Structures are given as C-alpha cells and as structure tokens.
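Sharing a structure with you now.
A, B, C and D label the chains in the order they appear, each numbered from 1.
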Amino acid sequence: MKHGESRFRVRYAETDQMGVVHHANYIIWFEQGRTDYMRKIGVNYADVERSGLFLAVGEVQIRYGAPARYDDEVRVLTRIDRVQSRAVTFAYEVLRADSDERLASGYTRLIAMDANGTARTLPRDLLQRFAEVMHATAS
Amino acid sequence: MKHGESRFRVRYAETDQMGVVHHANYIIWFEQGRTDYMRKIGVNYADVERSGLFLAVGEVQIRYGAPARYDDEVRVLTRIDRVQSRAVTFAYEVLRADSDERLASGYTRLIAMDANGTARTLPRDLLQRFAEVMHATAS
Amino acid sequence: MKHGESRFRVRYAETDQMGVVHHANYIIWFEQGRTDYMRKIGVNYADVERSGLFLAVGEVQIRYGAPARYDDEVRVLTRIDRVQSRAVTFAYEVLRADSDERLASGYTRLIAMDANGTARTLPRDLLQRFAEVMHATAS
Amino acid sequence: MKHGESRFRVRYAETDQMGVVHHANYIIWFEQGRTDYMRKIGVNYADVERSGLFLAVGEVQIRYGAPARYDDEVRVLTRIDRVQSRAVTFAYEVLRADSDERLASGYTRLIAMDANGTARTLPRDLLQRFAEVMHATAS
C-alpha cells in the first residue's frame, strides 16, 4: 500500500498580493489529499458522514517551504501517521509536480464525533482499515 | 427606514496576485451586508434557518468599480429591491469608507426553500416585513 | 474548435451549512474554466500577466440551478462570448459530471489593464486569437 | 501593553456542511488578529510591505476547541511570543465573545523576506518594537 497522491493546478483565487499561494490554502489541499486517499483505500468520506460519523479536525500543523504560484501543478502526498480509538492523524507533503520541490508538509489530527459533535470511538471496521493501511505504508 | 450598512477592513487573504481584492470576495461581502441588514430589521437569519426556512441564492450580478486593497476600510450598503411570494432580491453597493469611491454594486436574488431544497412560499410575517422595509427605504 | 472543459471534484471547504456548495465558489470555478480554456487555445495566462497585461473582471453574472455537493464531480464548459478591443467576455456552464444536470451558468466580462490598473487595448495577436476561437466555437 | 483584540461575526461562507466554521478559516482570523495588533502597536503592515519587507508565514499550528457557528461573535486575542533576528512568532486565542469559550489557539511563525522571497533580517526599529511589546505583554 502506497501513500495517496492528489494532483491539481493552483487556482488564481488561491494567490495573495505577495504573488504566491496564501498559506491558508494548504489546509484545503491537505483536505483534498485526505479525501482522495480515503477513497483510494475504500473509505468514501461522503458516505461516512451520511452514516453519522464525522471526522472533525482537532489539530493542524504546517511547515512551509518554497512558495507555490498560480497555475503551478502541485502534488499532495498523504499517509496515515497514527491511529487511536477516537482519532486518526494524517500526514501530508505538498510538492511542486515538475521539480519535486517541497512546498509544505504537515499533519491534521481528526477526532471521531457523532452528528451532535460528541466524541465517540471510531467504528471497528474503519479503525482496522486505517491501521492496516498505516502499517502497509510504513513497511 | 434606512438601508443597512456594514463596515470592515479588507483581509490579507482576500487579495490576489494582482495586488487587489479577488472578485469572488464581493459575494461574501454582499452576504455579510445581508446578514447585518436582516438583523437590523429584526430578522435573525440564523434563527430563520433553525425554523426550517432557507434562502438560497438563485442569481447574482456584480459590476466592479475601483479595486479594494488590503486593509482598506469598506462599507457595504444593503437594501431590499424586490419582494415576491417565493423570492426576495437584495441590492448592494460597496464603497471605500474614506472616499466613498464605488468598489462594486450588484444584487442577489434569494429563493425560499425548505430543508430539502424544495421551493416554498415565504412565511407571511417575513414577506410583510421585507415589503414594509422595501417601501420605507424607497420613499 | 470546441469549448473548453475542466473537470474536478467538489472540495469539503467549498460547502456551507446548507450542505451544498457555497455560491461564491462558482466564480472560482469559472476562473479555473477560463484558465484551462485559455491554455487549450494557446494562451498561458500566467505568461500574459508576466508580459504586463492583466485581465481584470469588470462584471459577473451567475444563475444557479441544482446544488453541487461535496465530492461531486463537476464539469465546467467555457467559451468566448464576445470580443471587444478592450474587453473579452467568457460564458460558462457548470454541470454535474455523472448526469449533466445544470448546476450554474453565467459569464464574466474581463477588462484589459496594465500593471497600474489603467485600461488599455488588447494586443492584436490576443484579440485575433480570441475572435478566431469565438467564431470557430459558434459555427 | 496588553495583547491585541479583534472582534467580528462569523460569516455564512465560513461554515461548512458540518454546520460549523471550516477549520481553515482560523488561519485567516489569526491573520486578521495580527494585522489589527500590529496597527495597535504602531506597525501598519500594508506600509511594511510597501517598504519592501514581507513577513511570510513559515509555520502554523492550531488546536481546535469548541466549534464556532454562523453569526457567532468571536474575539481573537493576539500577542507576540518570540522575536528573532529574522523571524517573529505571534500566538493567538480565539474565543466566543459571549461566553469566553475557547474555540481555537495557535501560533504563526513569520519569516522576514525581501520582495524576491529571500530571507533577510528584520529592520532594527521593527525588531525593537516587537521585543518591547513582547516584554510588556509578558510582565
């Protein structure tokens, strides 16, 4: 099992007056990487929410490298870094597609919640799938 | 009854690499103007949604004037332009606060819907309040 | 010459508490459609800006149809609707990819400017390319 | 010298389909807190950029608490946490205004750069002002 990979171009609206991508957008790119990776490992997050389980972001960290610019093609590499009974942590690397230059790296820790925002445990099948994928990627 | 007025400063994240506010943000500013204006005329839109009525945007038009820049103070003037049994149209003007220079003007037409997205009529009290306010502003 | 076509999935961050895509995002999708279409007809907009020509949005109109939802695949169809010496108008249709249901349609009128925001005429080669493509798409 | 305080209401566009504020917006609120705080201590960041100095975000961390909802009034408390010759770190707390419930806390480390994105040292006057304010807030 390999990490996930999302690939897309920088949108004009994602730039700021410094002429580069505004740093808040990397959180959204992480999220896109996570959605794509979950689908790849057989977990459709839209269905997960419809089943009444919500993965809310409890913590995020980002370290920025080289700036991304409008129309650059970027790659987001996603993997699972840690699985707990009530939380799962995804780690990300964002690279410029043509040079593999590092644009950013970071993680988000997601907390399992029900529709009312109360913390709950992850369902057993999801927990096992996340753990399985994490071990396969690490080896 | 006067039009509504919202006042705030341009956020850095709202700029793009042209060095000015990205044009999509004006829709969000219109929405802020609308929320503030509705509160002023006694209609709390958060409560409206909790009651099961949703005002979904069916159409928007914006004409752009001078560009807004980071940290500029802007004013959004909001008024009701048209009231129909199933829809209400708000009109907006966005001005630079220190000079009254016109940054943008436009309107959004909102369609009354229930929680499932089915069109419905506006409740009588809301319809009357919107109509009353529209006439008072026009005169 | 056919219209342009961009294809991508709805991001989680693009939804709002109504459970559908927030209406401001369609402006950003129009922009992505325009960037992709310009590249397809041989005009790299990043290069255009580096040459000192800026196409600033002077007017936008959007009519909304069915709502788009998280993770839906959408298609943006882009074509050139009008070419003037100092402006070019692009028209867009946004469709749900699996059903061709119409999510939104609209246009943006772009004004040619120099780096200081002063209106100028479009360079002759760009004007000709836009006109050529518009006629080929119409026929 | 007290910390800075920004106060504003949650915008509808800032919510997502979980019915709460999307987590990426806190970065933008941090930035608003920073802009307001810098103005308060006599540093107009728009002028700083015009002088050729750019403070680019090199790292961000956010821990999320209770969710913020549409139209909630929030407060962002900002202070300077660390000053280095080429970097300054701001720390933030985001609170619900009516209850002081903690919505998020975090920091951003800003790197001094010139217009080309090359790291440089902070100008002496800015460095001194940041250090002075940091010590006054701590005591």
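The rule we apply is simple: a contact is a pair of C-beta atoms (placed from the backbone, for glycine too) under 8 Å apart; a residue touches a chain by one contact, two chains touch by 3 or more.
Only a predicted model underlies this, so the values are computations on that prediction, with no experimental measurement involved.
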{"item": "Winner on C-beta contact pairs when A-D is weighed against A-C", "value": "A-D"}
{"item": "Chain whose mean Cα position lies farthest from chain B", "value": "A"}
{"item": "Separation of chain C from chain D, taking each centre as the mean of its C-alpha atoms, in whole Å", "value": "34"}
{"item": "Chain A-chain D separation of Cα centroids, rounded to whole Å", "value": "24"}
{"item": "Centre distance in Å when chain A and chain C are each reduced to the mean of their C-alpha atoms", "value": "28"}
{"item": "Of all residues in chain A, the ones touching two or more other chains", "value": "12-13, 17-18, 20, 24, 27-28, 31, 70"}
{"item": "Contact set on chain D toward chain A in their complex", "value": "17-18, 20, 23-25, 27-28, 31, 49, 54, 56-64, 67, 117"}
{"item": "Residues of chain C defined as touching chain A within the complex", "value": "8-9, 11-13, 27-28, 31-32, 35, 44-46, 69-71"}
{"item": "Complex interface listing, chain A residues touching chain B", "value": "12-13, 15-20, 22, 24, 70"}
